[in-house]
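Multiple structures are listed underneath, in structure tokens.
Below, chain A partners chain B and then partners chain C, in two separate complexes.
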Partner chain A sequence: MVMLIPYGQRVTPDDRTVSNRALMRPRPAGRALRITIATLLTAWFALPLVPLLLWFFADRWSAPAVLPTEWGFSGVTSALANGAVPAFGRSLLLGLVVAAIATPLGAMAARALTRGAVPAPRLVSGILLAPLAMPAFVAVMGLTIVLLRARVPGLVGVVILLVAAALPYTVYTMRVAYAAHDLAYEEEARTLGASPWQVLWRVHLPLVAPGLARSAFLAFLVGWSDYVITILVGGGTIVTLPLLVASFASGVGNDAVVAVLSVSAILPPLVLLLVLGRFGRRYPTARFMTGPTASRSPKGSP
Partner chain B sequence: MPGARTPGSRRWASLALVAPAVAIAAFVVVGGIGMSVVQSVGLLPLVGEAAFSLDAYVANGDELLTGTALSLGIATASTVLSCLIGLTAAIVITQGRRTGRIVAAISALTIPIPHLIGAAAVGLLLSDAGILPRILGIPGTEWPDFVGGSWWIAVIFEYTWKESAFVALVVAAVLSSRVARYDETAALLGASRARRLRHIVIPLARPAVIVSAIIIFVYTFGSYEVAWLLGRPYPEPLPVLAFRLFDSISLTSRPEAAAVAVITTMISLVVVALGMALLRRTPLWR
Partner chain C sequence: MSASLALDSLTKTFDGESSPALNEVSFEVEEGECLAVLGPSGSGKSTVLRSIAGLDAPSSGRIFVDGSDVAGLAPEMRGMAMVFQRPLLFPHLSVLDNVAFAGTVAGQPKRVARADARQFLDLVQLEGFGERPVTALSGGQEQRVALARALAARPRVLLLDEPFSALDPELRADMHTLLRQIRQQLNPTIVMVTHDRDEAAVVADRVALLSDGRLLQHDTVERLYTRPVSISVSRLMGGRIELHGEVRAGMHHSAIGSVASPGGETWAEGPGVLVVRHEAVHISTFEVAVPDGMVGVEVVVTDRRARGPRAEVTLACGDAMMEAEVPASRPLVVGQRATAHIPRSACTVVPTP
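Entry: the complex of A and B
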């Protein structure tokens, strides 16, 4: 199974490839068509973000007006008054905790699976992928009673379920990373007298660091975006940003607050994505290891 | 990390490495489905005697049927539209010109946005007091019921918006690594654009499209928050129905919610199995 989200990976061909395609130089009609389609697609992807940005700066915006009638930051004030900052902090923490647990677990499992010494590897891969094929609410509805009877605190229950939801992403991102990873470097370091600990910290982890960053990002997203698990297992006591957005968005007349909260929920992942894009490409050892073309191949895992 | 000593020790080391991840995933998947089944047949009541019965499956028979049909419809429409738009975007992206780079950037930026936030944004865009009727100068009273209407347009719109970006990214990654060379060779041999699209680009993209389609279908089929926020109160898609029953105060409702969960899972698993069978029939799938 090779599904993965190719974050931090280049999907557009580089200039060298493009300039070599003399045969495929566009004809005028094709060019016009392509630009029209590209414009439509850009509009499609950008359109839902427009109201968020406009409402962010709107104090008042009565119905027929095309632009806000009064500009200002009352949405921000109102969001702050309704606990946006603690909710933001809880979401951030939840995302980080899920990433901190799911990334090493996924990396360990992926390492064992790529080295091929795991018994029943298909079954193991299947179990690790299964959370992707199961609706989140099913896990919650089945397990709430178990977690309650075992007296597991709500927060711990939320983290367990979110880690399970993040594992398919971290395992498969790391499988791709390990498929391109050359064990000879670790053996070389061992031959030169490095301790297992030194091999891990100085050789192994730096070499798979871009993969780890990608998995951690995806795992963070799982914790950061979750609504269903947090509200059902947490019983509404863990108020994260999505819970706050949901409670305002389901009411009427909160458009400015919803926009402010939504923008604050979009920014951290976007910043991380941009950082990741830089990190994934800049890492010198990784490029040296995988070569200039292998890093673009998503079909890395067996 | 132990080195390659004996096969036996390597096996144990590997087992120790996969064990924590497998334990958590198995607990959630097997435990979640298993306990849903046990609760749905009345073997784990909140109070009272445990007794086997299928009442929970019969109690909301009509709602289960309409909910299943509705969820299947929403998931099918969202999956088909996402794949079409996403595939088009991927082809534009891998053309490698400036337009493609803009589409690549903007679609990648929408992916980390949570679905719930997407739903809130689509609400601000498409509702009768939203931005779109204002821009188009249509009064709210004459604006069609996209949000909360009988065709679930806003819900499908949100899913399609988010998931088409997902398809674009996954398929573009496959196309950029494989198609360029074949495409050039075919062009050199005199294949027209239409033929290259039909015989090279689409067959090479097919496995990635099918995998994305399975993931999107299962996600949209079992997702709660978007349908709850942008949908209408009745009829309910399966996850919304399950949520309402789960939160209801009546004692029989927990098994009924579990029954809805079991049916949703079973349909999801059938779809995954069908998708995998389709995948195996594509020539490129290894």
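Entry: the complex of A and C
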């Protein structure tokens, strides 16, 4: 017997379907196992953050002590004094610039590949994915020399190489997005009187927006967290947050500063991830879906 | 808002294909007329529609709207709105904004476009659905919104690409009624692609029958059924009676005897196939005089198949086979002798293939 869901209330799988399907019904033993595994996984992810957060507020934390022996903000003051804020700003800018360039490039490549408009598509997608397979160090060592000979300014070189490093992620993400994208929407819009430009802004981009957001996030991470390319091509003149973290981490007794810098390095991706989770949905959620007219199937039934 | 449309030997060969998808198709659609492009799958009927809409460029041939050639015009400049088999409602817009899409892209202020869209939602009997997301609609409602969205674009020609074939029969009948009302109120010129000859018969004034990219016959629905120009047309329209014979002195001679052509028509002399709709054949089991304008044929029932309220029977007359339909309640059994009455007005002769 199916229980009727009150109008306006969200239907979750548990409400009426799970109990009817043998394969989806949680078994007691399986349930305990799943909770255990979930707990262990959470601990695995969260545990490294605990000492980091403790060091954030510690002035001294000698080896055998379980908790810091002296609390304070010397880590914060030291980080600020060593240019953490400008480094943070540089990293943020670098991440945003890389995302702003790599996302449209990746989207265009993915659309062309998905539509079959590219000759030798396997070769092209292989080349686009190559930066993933090649160790960054190898490629960068050679390219540094090329860029130096070509008199490309360090900052431009860093951006060019980071965009190349981000392309595999944006292309892959957008190929997934375009595989689910239906070109007939754009044709329909054209027959309704929309110019190609209007189709792009009013139909095409809104439909692939969640994919664009995901790929921009990944491209941002490439720029935000890069160390190798920034230090080698930039020649140490562009001091970003990862460079600052690395220079402090290689010294002794800087645990508090490293902790402060690391925590601040987590924040922007975390904020972006939360924004993505909130706004990156495929379609607006339908409030009416649970109503009596909710029976919706792609074809056939009313 | 409506316009006339003419196709002049439209040909389309897709890249890498040897045979054309469309082969010299020509027809005309008058202002306010509804033409059904009918044909089996792969006959090129969707290509006709996509060429008219400007979504596919024809290899050769011309398309005229109100007498002017639309070659080279981008789809958005042609003033055609298309409704596909899938509703293709923009998922990021509300129902109302979907219908207001054409107004919005034409540069109307949002308020004006929405007020206009509301009228078209009323027209398709979806008052008050405007604020809903498109995910909250049923299949039939989605297709109504798609129709309203196309009509709100004030198309010179409304193009329908099998718009109702994904709906169940009851909803499809509702949509046919709705389309009839829309035609009465707005009188748009409509070209509708369908593979369903019943749908074509219900909705259209005239039908263009396509097969393998060729236009077989462009005629009224009734003439397509009763006056097919070839054996393929007869077969595609579901005709089942084919009597091979010869026309001599205006009479067709075959296994069922000689049949004179209906008044005002002449049949070409020489070999020819007499075709007649099985629905037109009356079966009489009593001794009656053959009525005027009918041909009487002595037959034996050789097969009977139940079809719900009707029954199909196969009749043999010598070597020739005929089909007929009777009410399921009629006690006609295999082996029984009967007289088949065929109205002469229902007969036509097509060339022997």
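As a convention for this text, the second predicted complex is superposed on the first by the 245 of 302 C-alpha atoms of A that agree within 3 Å, B and C clash if a C-alpha of one lies under 4 Å from a C-alpha of the other, contacts with A are read in each partner's own complex, and residues count from 1 in each chain.
Assume a contact is a pair of C-beta atoms (placed from the backbone, for glycine too) under 8 Å apart; a residue touches a chain by one contact, two chains touch by 3 or more.
As the structure is a prediction and not an experimental result, all values here were calculated from the model.
Peer 1: What is the contact status of A:A164 with respect to chain B (first) and chain C (second): first, second, both, or neither?
Peer 2: A:A164 sits against chain B, while chain C stays out of touch.
Peer 1: In the overlay, answer first, second, both or neither for which of chain B and chain C A:T237 touches.
Peer 2: neither
Peer 1: With both complexes superposed on chain A, which partner does A:Q198 reach: first (chain B), second (chain C), both or neither?
Peer 2: It touches chain C, and chain B stays clear.
Peer 1: According to the contact criterion defined above, which of chain B and chain C contacts more residues of chain A?
Peer 2: Result: the larger residue contact count on chain A belongs to B.
Peer 1: Just checking: does A:E188 make contact with chain B only, chain C only, both, or neither of them? Give me first, second, both or neither.
Peer 2: second
Peer 1: For A:P206, decide between first (touching chain B), second (touching chain C), both and neither.
Peer 2: second
Peer 1: Is there a shared patch on chain A that both chain B and chain C touch, and which residues make it up?
Peer 2: Common to the two interfaces on chain A: residues 187, 190, 196, 293, 296-299.
Peer 1: Going by the contact rule set out above, which residues of chain C touch chain A in the complex?
Peer 2: For this pair, the touching residues of chain C are 53-55, 74-76, 78-82, 84, 86, 88, 90-92, 101-102, 104-106, 132-133, 135-141, 149-150, 153, 159, 166-168, 171.
Peer 1: Can you check the complex and tell me which residues of chain A touch chain C?
Peer 2: Within the complex, chain A contacts chain C at residues 182, 184-185, 187-196, 198, 202-203, 206-207, 209, 282-289, 291, 293-302.
Peer 1: Considering only the defined contacts, which chain A positions touch chain B in the complex?
Peer 2: Residues 1-6, 9-14, 17-18, 20-21, 23-24, 26, 30, 34-35, 37-39, 41-42, 44-52, 54-55, 63-66, 105-106, 108-109, 111-113, 115, 117-119, 124, 127-128, 130-143, 145-146, 160-161, 163-165, 167, 171, 186-187, 190, 196, 199-200, 204, 221, 224-225, 227-228, 232, 242, 245-246, 249-250, 255, 258-259, 261-262, 265-266, 269-270, 272-273, 293, 296-299.
Peer 1: Give the list of chain B residues in touch with chain A in this complex.
Peer 2: 1-3, 7, 10-11, 13-15, 17-18, 20-22, 24-29, 31-37, 39, 44, 46, 85, 88-89, 92-97, 99-104, 106-125, 129-131, 134-135, 137, 139-140, 158, 161, 164-166, 169-170, 172-174, 176-178, 180, 183-184, 187-188, 193, 211-212, 214-215, 218, 221-225, 228-229, 239, 242-243, 246, 257-258, 261-262, 264-265, 268-269, 272
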